[in-house]
Amino acid sequence: MKTGQEYTNSLAGLAREVYLLGEHVTDPANHPILRPSHNALEMTYRLAEDPSAAQLMRARSTLDGKEINLFCSIHTSTEDLIRKVKALRLLGQKTGTCFQRCVGWDALNALSSVTYELDQAKGTQYHKRFLDYLKYVQENDLVLNGSMTDVKGDRSKRPSEQADPDLFVHIVERQSDGIIVRGAKAHQTGAVFSHEIVVMPTLALRADDKDYALSFAIPINTPGVIHIVGRQASDTRKLEGGQIDLGNARFGGHEALLIFDDVFVPWERVFLCGEHEFAGLLVERFAGYHRQSYGGCKVGVGDVLIGAAATAAEYAGVAQAAHVKRKLAEMLHLNETLFACGLACSYMGAPTPSGTYLVDMLLANVCKQNVTRFPYEIARLAEDIAGGLMVTMPSEKDYRNPQLRPYIEKYLRGVADVATEDRMRILRLIENMTSGTGAVAYRTESMHGAGSPEAQVIMIGRQSDLMHKKELAKTIAGVGAHRTEAAQ
Amino acid sequence: MKTGQEYTNSLAGLAREVYLLGEHVTDPANHPILRPSHNALEMTYRLAEDPSAAQLMRARSTLDGKEINLFCSIHTSTEDLIRKVKALRLLGQKTGTCFQRCVGWDALNALSSVTYELDQAKGTQYHKRFLDYLKYVQENDLVLNGSMTDVKGDRSKRPSEQADPDLFVHIVERQSDGIIVRGAKAHQTGAVFSHEIVVMPTLALRADDKDYALSFAIPINTPGVIHIVGRQASDTRKLEGGQIDLGNARFGGHEALLIFDDVFVPWERVFLCGEHEFAGLLVERFAGYHRQSYGGCKVGVGDVLIGAAATAAEYAGVAQAAHVKRKLAEMLHLNETLFACGLACSYMGAPTPSGTYLVDMLLANVCKQNVTRFPYEIARLAEDIAGGLMVTMPSEKDYRNPQLRPYIEKYLRGVADVATEDRMRILRLIENMTSGTGAVAYRTESMHGAGSPEAQVIMIGRQSDLMHKKELAKTIAGVGAHRTEAAQ
Amino acid sequence: MKTGQEYTNSLAGLAREVYLLGEHVTDPANHPILRPSHNALEMTYRLAEDPSAAQLMRARSTLDGKEINLFCSIHTSTEDLIRKVKALRLLGQKTGTCFQRCVGWDALNALSSVTYELDQAKGTQYHKRFLDYLKYVQENDLVLNGSMTDVKGDRSKRPSEQADPDLFVHIVERQSDGIIVRGAKAHQTGAVFSHEIVVMPTLALRADDKDYALSFAIPINTPGVIHIVGRQASDTRKLEGGQIDLGNARFGGHEALLIFDDVFVPWERVFLCGEHEFAGLLVERFAGYHRQSYGGCKVGVGDVLIGAAATAAEYAGVAQAAHVKRKLAEMLHLNETLFACGLACSYMGAPTPSGTYLVDMLLANVCKQNVTRFPYEIARLAEDIAGGLMVTMPSEKDYRNPQLRPYIEKYLRGVADVATEDRMRILRLIENMTSGTGAVAYRTESMHGAGSPEAQVIMIGRQSDLMHKKELAKTIAGVGAHRTEAAQ
Amino acid sequence: MKTGQEYTNSLAGLAREVYLLGEHVTDPANHPILRPSHNALEMTYRLAEDPSAAQLMRARSTLDGKEINLFCSIHTSTEDLIRKVKALRLLGQKTGTCFQRCVGWDALNALSSVTYELDQAKGTQYHKRFLDYLKYVQENDLVLNGSMTDVKGDRSKRPSEQADPDLFVHIVERQSDGIIVRGAKAHQTGAVFSHEIVVMPTLALRADDKDYALSFAIPINTPGVIHIVGRQASDTRKLEGGQIDLGNARFGGHEALLIFDDVFVPWERVFLCGEHEFAGLLVERFAGYHRQSYGGCKVGVGDVLIGAAATAAEYAGVAQAAHVKRKLAEMLHLNETLFACGLACSYMGAPTPSGTYLVDMLLANVCKQNVTRFPYEIARLAEDIAGGLMVTMPSEKDYRNPQLRPYIEKYLRGVADVATEDRMRILRLIENMTSGTGAVAYRTESMHGAGSPEAQVIMIGRQSDLMHKKELAKTIAGVGAHRTEAAQ
């Protein structure tokens, strides 16, 4: 296992092609806009070092029994699945944002069972390759960028129907030692600070689209891989040199448009290549794990936001108002409902043929569907409690101006015994999480990460046994009773 | 363990003082209005006989290891708590209504730990008494009427402040061999077909109210116990001799006003008597278990309603309409969210000092709070899908009238290949569950059973560690950073 | 104008073919189940007699300027439309239920403009016939049963595609003096106590379906017209001879399946006959008026339910509890939002070519869409405040039993100075409105009357000028700016 | 009336003490962060010049009948109130944000009636002073900064109880020619580009607080007035020199902390001074008008956001997906419900003793209460439709980088015939409105502007005649019937 420091060092020399605000970034970990993202990822290492969290954050390898970082492990029991949810909640509480390491973990677990079943069905050898790769990941304690969402172009068309065939990542050439791939993946969370990229297809595919049925892993610094980091609301506040206005000065996330410009992948890192009938299964398994994840991480982030709202109320002198207490209770209720869903889809998990445990797919979809709703209501209630000052407050630069500071100290004070600066900090944290950089993780990612709401609507309809429920109803209603009577 | 038939026999001779619609009922099990309630309770015995369900519906006694009916068991693991939720869902699916045996079960488990802790704290001997009683219950496979909710009078006043001291059940006399109690309990689910009544206090009590700190068990036919059965919407349809208009002709529930008119209780059946400081704990434990229950039983009933709505859509030819599919998916989503909460509060349960497992109290409250909301929305969507015919349809008597029947057959037919009568039956089932006798169980009981919404609001606020969340937020926001800087 | 008494007399001799619970009803107005419906309709006459309400409830005829009952009037200004909403709210407040006279009124107004435009387009003479009929209606102050919803059979098929051609009302024969029609209309509100039936088509029609493009008026006692009255939850409580358990003992509604068994209609009462391209317009106009209506009547009924909940809270001693006050405020808020929508679609109304004013169609759909939601939430909150006693309370027969009465008096008392019977009455009223006969009007009719939710979804999408909104957005976003720059 | 250009000129020379990001701003109208706010305000002049909008945007003075800008007018009919709502919707559509001139307009109308009634009650001469001031405002077509919300300190304490007496604006000295005031107002929308500040108290006051019962007007450049402009999410994107990333490059808003550092106010500009019993009335009247305003302006902004979401769907090729159409219909429905409420509270307005028309206060509160909810749900649905790209998209600087541009052009294209840049622009507009500078206006201002949700809860409870509703319910339930019977 790596320490946090070792993680930092391991990336230091990597030559990645990273662009941000139109410029090439040579040292991403020390770029002020990207540093908080690095810090959040690093926390996944630091907590594994921390004796008080180690039991949650370390696991045993299924390959050799060695102790590994939890994020490199394969789930082999419902306890493992439950532990995942608890660990993610803890990390959400510690970082107040997305810590970006789940996607790769979920990719590993999805590939673990799908390569196995694919080999069983088709006589291929992908699972062996996968296990070799897993061993490499575990031994080096790597961050993987699980890479699923293609840019998709015209959504009414399938991959092979697009005007531009590159709008979904695909094979452009098969060579003796590997393949050449082209395309781009959007919304790549934590990409810049990953060691490896694990690509998967983005939807179920037909035979026509078999060149898009593709899964592979490559080092982040593979030639032809280009990152263009997306911008977030208020991102450049990180360039201003202050702390208060950031709300969450230490932690953040980033998402990149990841371009594969004719990238070479050696065969030993290819896990799916043309078997289109397994694309859908891989997507579904990955999505299942990742929909579970949100029942942990977003709950932890929600804990921070609820705590911030409660603190803001206290600082304004309204903590005891009946309506504030009820709003906080509602926020707590919604947040714990998400946690309950995360736990339930874990507890109801079951083994796949490979031995890897899979979450209950219906409940994982239910979990995620609630995540597309409740964080928005929690955020709305936080804004209600915070008051308008959250978005009309003078800047840190005003506060640091000696002429203005006495006015701000005087007039923005809430209860007399709390420092004005502390009140400003808490309000800025709420701003960060509801409409700043943190809102990307807490709101939009809750909406679209691991599948947009409509994806869950479809899966919930499909995975509930409606036929069985219809039979239950017909039995109780006595449907067909007249026929029975007639027959007697 | 009793069979269903033995259960029926066991009640046959019991002289209970039961009133319904102003008349004394001498044979409740054969009264058409009460019979469906008896059938639902009997199903808790029948399923334990059924080999396909026995694994779920039978348990081992913690007293002697003998096989017993699940409803007589004490929970000694989180698996037990999980099993409870699954068993209740199954029973909800089979009956489509409240099957009335959980309250007593939850009372047993609550008393199991509270009597133990009370003895530890005060040197009393209640737990031994309780275990003797538990043995009796298990050996005879009894239905217990868990009896908590006092009639309460003026809710702004505590028990001892009421104009009439009898508005909460209390001790009126202590005798050498037992006590005399007076008062009334409202909303007593399944009371008439219980073998025993287990009384508990209804709220936390102060020293002034110590005569109300009372828990005991008595046989249902104890002199002075009077049942006045409450009426439900459409209850007298059961007197009409038909089937269709009932929707659910076989199963139902009942609730009684249970009056204790100076009833004698022998000391060996008294489990709390004046120790007011333990009243709140007993209420809280019982409520915790019962709030968990709803994450199982109401989900099973929801399965039936969703199945009925899907069937109604199919019969009307709209099963493939996009809006119908989305509404069904939403109903499924809400229902499974309730199940997730039931499972989660079970899985996160923990042992009490007595060894009895208790649910996670925060999550049990979260579970119940969702139950006060989602069944209403599921019912609303069911009514949306069912269409107005559900409440404007001719009666079964019209349908049985040979002159009218051809018109009804012709004009109420939906898709051509489904019998009109079957369509009527399904619509009447939806009517039953959304605004008939079944709505008492599915709507109002979901709202108020095991505590009204406000009770959960208060508990959620109290059981969430808001202080911890505030610390998380302050750490991330850097609250106090200026003091740290100043100190350096 | 008729007085209430004259209205009663006018129906007394009418030989209608009415069935209820399988039996022919010879004197509907005096049948206990139907009497409350008659009373509610009669209130539309009584209020017009009442000097304090006359200004609202009387209008001037557009034909001859004579004073007429509001329900016979044609709208000729936005003030008329506003007045309608206010008058309906008042009637809802007075009856606590559906008073059943709007449907016919809305049919008159819809026909008023559509016959005019149809004549303009096709050179027909329907408008003249309509005006003659209007004159007859106004002079005799008649109740009209506006009759739109066909039974529809398989909803995935159009009228002419159904297995049975009679599942939509249609012409079976054209004769020199009139036409013969066959079919059935479902959910006919107030049918039995109407003087006349005004039939309209139920959906937009294609040329294939032209025999279904049909509108006409006939007296209620026309041979071949058969009413089968639908049953409602708890309907037979009205046969029990008491008052308390009814909740609303005086007022109610009814809906009938109305069968046209080869009924003759003279040409002078035919307003649409085969002009299929005008069927949709007639449906849309009628629906528009009727969706407006609900922004008045249901608000008035909501006033009663809110008042009942507030009274129940007072009687239980919880009127001052913070959560109760907030729940009442929420109920008030939702109810007034409905009223606001009713007023707004009226104020934004505009004249049609005939001079008849039409509501703003978009806002009328918005109004109704809210009506499919808010009454359910108001009802849920009323049940929350009422408590479980509402559905577990002993019956009036128990209360009248001298042996039981003292127990009920004693134990169901809330605050000491309110009579137990009064508390029971208020709780029964809430039961009536949320799951008894009144729930048919307040819940299901709010859902499906004047169009089910999906109908409004479609109309809102169609009537909002989305193209204009897209232009607004593009202008602000600077869409196309690069082209402009390129051109320079 | 001023033209837009004249408005710009009128502010050009004004020496205001404005701070932004810690620096003194000497030419606010040309500061890139503030310029869009100026543009939005200027639009209130430009539209009055525009012949197609002039009928809506111009009014007649009640003082002398001269034509004036609508924003300087006093409402003298319900038509005026309705027109206000329509005009504000139009401005919202044109600017996509808050245009900042309503607050002052609402202040004028509130003072118009309150000074009149105050004079009537106390024999003071404030109304005359007000009319003189109104004449000045109308003749010079001025922008007024309506200034209500004090900074408030500890909200559990009243003004005179605060540790620092200056936390509410108050009189510190009375002089022969005027008064000296001190304090600060938070959230001052549009302050920097106003000509005048009109101060009002922020809550109802007791005699102890009479020095806080204060209303007056002063020029924006009065000595001692200091503006510290608050920061908004993503505000510094305006400094970057591009257009795309702004979403709304032309229009925006600003809010300032406005400090009164011992400012002199001449008596002729004082409209309330110590008459504490009229403070509450002034607050209530102003709040009523301003709660109405939101039923216009936010609807117009909502139109833009709905249009943007529909465009984004079209650009991604999903405009015809069933779920997208339903989500758009829901957004339209919610937005029009707000409009309906704005119209209804206007139509139901009534004259005050001064002749100035006041909105219906209950409906205005209902309007605003919906505004605290629906824009959040509209924003959530917009984010759902927009997809994650909205927050992960490369920056304009990346797009302008010739090396990166081809990648972005290629991979962020949606449907083939729409320019990638146009898609980026629309997504950035949605980002702006949901979590950028525009979210301050569309979300937080909707929540807190004109009163936070709890303020409306209290007013709705107070202004609904609950007593009347209780009487309606009691009458229908027959409450008291037993007494009537007993008396007979």
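Per-chain numbering from 1; labels A, B, C and D assigned in written order.
In this text, contacts are C-beta pairs under 8 Å (C-beta built on N, C-alpha and C of every residue); 3 or more make two chains touch, one makes a residue touch a chain.
Values in this document were obtained by computation on a predicted structure and should not be read as measured data.
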Taking each chain's C-alpha mean as its centre, the one farthest from subunit B: D
Same-residue or different-residue interface between subunit C and subunit D, half as cut-off: same
Averaged-CA centre spacing for the pair subunit D and subunit C, given as whole angstrom: 39
Whole-Å separation of chain centres (CA-atom averages), subunit A against subunit D: 37
Of all residues in subunit A, the ones touching two or more other chains: 323, 326, 457
Overall pattern in which the protein chains touch one another (line/ring/star/complete/other): complete
Subunit D partner contacts - residues on subunit C that touch it in the complex: 82, 93-96, 243-244, 247-251, 303-308, 310-311, 314, 325-326, 328-330, 332-333, 336-337, 339-341, 343-345, 347-348, 362-363, 366-367, 369-370, 419, 421-422, 425-426, 428-429, 456-458, 460-461, 464, 466, 468-474, 476-483
Subunit C residues within the subunit A interface of the complex: 322-323, 326
Residues on subunit C engaged by subunit B in the complex (per definition of touch): 19-23, 149, 151-157, 163-164, 166-167, 184, 186-187, 226, 228-234, 236-237, 240, 245, 255-257, 259, 261, 316-318, 320-321, 323, 372-373, 376, 380, 383-384, 387-398, 400-401, 404, 407-408, 410-416, 431, 434-436, 439-440, 443-445, 447-449, 452-454, 457
